[in-house]
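Each chain carries a letter (A, B, C, D, E and F) given by its place in the written order, and its residues are counted from 1.
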Amino acid sequence: MDRARGVILLFASLLVFWLVLSGTAASDVVLVGIAAAAVIAMAFAGNLSFLAEFRATPSAVVAAFLYVGYFAKELVKANLAVARIVTSPALPLNPGFVKVRTRLKSRVGRALLANSITLTPGTLTVEMEGEWLYIHWVSVESPEVEAATAAIVAGFEHYLEAMYG
Amino acid sequence: MIRRAAALALIAALGALLLPLLLGYHPDEALNLTACYYAERTAADLGAANIVTAIVVTYRGLDTLGEVTVLFLSAAVVGLVLARGRTATTGGRPRLPAGELLTTGSRLLAPLIMLLGIYIFVNGHLTPGGGFQGGAVIASGVLLLLLAEPGRRLGHRVIALVESLSGLAYVAIGVAGLVYAGGFLDNRILPIGTLGELASAGAIPVIYSLIGLKVGAEFSSMLANLSETEEL
Amino acid sequence: MLDLVGAFLLLAGTVFLLLGGLGLVRMPDLFTRIQAGTKATTLGTLLSLGGIACLRPDWALKLAVIGLFVLFTNPLSSQVLARAAHRIGTAKAPETAIDRLAEDKGEA
Amino acid sequence: MVELVVTIAAGLAGLAFLLALFRFLKGPSDADRVVAFDVLTIIAITGIALVALAEGRGIYLDVAVVYALLSFLGVIVVARYLERGL
Amino acid sequence: MAHIALATGFLLFLIGLYGALTNRNLLRMIVAFTVADAGINVVIVAVGHMRGRTAPILDGAVPAAEAASRIIDPVPQALVLTAIVIGVGITALMLAYAYKLYEARRSLDIGKFMELKW
Amino acid sequence: MAWITPALTVLLAAAMIGAALVAVLGRSLPIAILAAGLVSLLASVLFLVLASPDVAMTEAAIGSGLTTFLFFFVLGRVRGGEHD
């Protein structure tokens, strides 16, 4: 049952990808797309898709939109921070590797979390082991686990937890 | 040192030979006769929008069959060379497993890469791309799986089956062109359709898809053979 | 109007690309270079692609596909590279205050 | 106006390319060059999109799709080699 | 533009050839070979390029009727397409042999393989 | 916009020759292989500038991952012979 659901979700996301790539919805394009997506979904039955493990509840959908907005804001902030550091003659840096904790269990959610952290101000995911994430931080504000978790992870985790659990 | 000087002298001589070629090169102002024929006749004769595809699959289709054969031979020789005397596992150094980031990321991306490969070779007659590019993209998807799980053993029999079936179908379509249309690998055994649609250009999309599968299987078998070698 | 917006988005994107390049040259050690390189080039590419989408609205879908791929693959490759670099002990900037990862690996 | 801005943008992207190329040629460590390689390929995606814009051919973007989806593979291969996972 | 590309291709070919002749490490020789290979491909494509024309793909921008006056020569492209794919096959073959040679001698130095020299 | 493609050609030519020199003369073998990969990735952009998208796509698909991977696999197996 779980496996069948995974295959169907993978098929759906592949079909969407195919239609966006083709840019049309002509009947022959859709037919070829269905065939191709079905073959790949069968062959990669054990694999994940972006939709897998997504909780299809209204609150999850709302969280997804909020997440995108929050992410865009953080990405712009990150770039302004990079711009400030790079253009200042003194290079104000205080780098270090800190350890933070995440509550997320879903693999897709964790991958998105790691990618989001990498793209947000001054942080770069280096290693992920169990519930621990090791983060390179350009300007370490606090080396303690709890404080670093609150500063780096909490913002994204709030939305991703609603989306993936 | 002598070796280096001799090599430099040879390079200098070769460079002196190439320099007049470069300086005396004047780009053509109009297409030559062959190219002109292809440019004017492709759309009407074959219904393919991508003229390079038309040349590769139809006008020079026999050459492409030869090329795919050469690729098959080199893949087979790679397998043969590496298989000969492959000793029982000598143990070797344990390889570092990939991190969770890479395994999750590759499992998310591999199906998309495969689908992109199919998109490229199915649309070979309309957009840039075709069987060779699509096959390479599919092999890249296999490569991503291998990177995420170094110890993974690929299904050699599946790869060999895809490879030989698509090769067989390719030759069968070629013969069908000989029987039902103008000649070997003639694409007009299927209706030519309207220029610019997916279901057009006769048998070209079918042939290019088969080439794509075959090339993808050949590259994948090269990758699999090299990845299963033991460390020395 | 849309043309003008697109042109300036494109300009903003390439400015971020330039900042990324500058960061790559100026930063003191590998990890800070990865940071500057990843963030600035991701946003820069996204903005440039958005600008081109404004200039040619009929290409918007394909540009969106490219943007999504960049958004996912770019941080992924940076993370894998950072992990490898940390494992082989690439030199860190002398200012690096703490290294929990090395501490934990040392215990294990 | 638009043409001028696009040309300036292309110039800036070229400058960024040169800076990354400098890092690739200079090093100092292997991993530094890999980062530079990564940045170079990403700037090349913007370059391809600009070429498509200048030539007015939307089909060139297909090449950019392949580039975007596959260029990170090279970086991952090298990273796995460096950490002795290959 | 074609001249610049042509010069680049020739230079890449010469650099690659120099590397293949002077390096003693088998893998380095193969790397140099791939550089020379890319150079030759650039040369062939550059010869096919014509000023002010566009890619040989018909679509909204290039209708079929005016193709002959708008597109560049498609034949060199078809040739290079073939050459690139075969190039990878050859590279894989060379690498497989390099691996076997290393297995036999535990060395990649070309100087260690002298039996077949007359 | 007319200046974009000629300027890009010059830039790519310079970058390719630089990368080729690294590939042939550089001291580190992994970087030599990576530089060869860079040559083929930049060659792919150059092909696009020369109005050959088919060739550009082939080079991008093959040069980006496959060739580099083949080299690194063999190099990973013969790590001892890395220093000649």
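We take it that contacts are C-beta pairs under 8 Å (C-beta built on N, C-alpha and C of every residue); 3 or more make two chains touch, one makes a residue touch a chain.
Since the structure is predicted, the reported quantities are computational estimates derived from the model, not experimental observations.
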{"item": "Intersection of the contact lists for subunit A and subunit F", "value": "B"}
{"item": "Of A-C and A-B, whichever chain pair has more C-beta contact pairs", "value": "A-C"}
{"item": "Distance-maximising chain from subunit A - centres being C-alpha averages", "value": "E"}
{"item": "Between subunit D and subunit A, distance of the C-alpha-averaged centres to the nearest whole Å", "value": "23"}
{"item": "Centroid distance [mean C-alpha coordinates] between subunit D and subunit C, Å", "value": "11"}
{"item": "Centroid distance [mean C-alpha coordinates] between subunit E and subunit C, Å", "value": "31"}
{"item": "In subunit D, residues with contacts to at least two other chains", "value": "6, 10, 17-18, 34, 50, 53, 55, 57-60, 62-63, 65-66, 69-71, 73, 76-78, 80, 82-86"}
{"item": "Residues within subunit B bordering two or more other chains", "value": "50, 52, 96, 99, 101-102, 105, 108-109, 112, 116, 120, 127-129, 132-133, 136-137, 140, 143-144, 147, 219, 222, 226, 229, 232"}
{"item": "Where subunit E touches two or more other chains at once, by residue number", "value": "2, 7, 18, 49, 54-55, 57, 59, 77, 81, 84-85, 88, 92, 95, 99, 102, 106"}
{"item": "Which chain pairs touch, all of them", "value": "A-B, A-C, B-C, B-D, B-E, B-F, C-D, D-E, D-F, E-F"}
{"item": "Subunit F - residues contacting subunit B, complex", "value": "53-54, 56-58, 61-62, 64-66, 69-70, 73-74, 76-80"}
{"item": "Complex contact set, residues of subunit E against subunit B", "value": "2-3, 6-7, 10, 14, 17-18, 21-22, 47, 49-51, 55-59, 64, 67-68, 71, 73-75, 77-78, 81-82, 84-86, 88-90, 92-93, 95-97, 99-100, 102-103, 106"}
{"item": "Contact set on subunit D toward subunit E in their complex", "value": "55-60"}
{"item": "Touching residues (chain side subunit B, partner subunit A) in the complex", "value": "99-101, 104-105, 107-108, 110-112, 114-116, 118-119, 122-123, 197-199"}
{"item": "Touching residues on subunit F, where the partner in the complex is subunit E", "value": "5-6, 9-10, 12-13, 16-17, 20-21, 23-25, 29, 32-33, 36, 39-40, 43, 46-47, 49-55, 58-59, 62-63, 66-67, 70-71, 73-75, 77-78, 80-81, 84"}
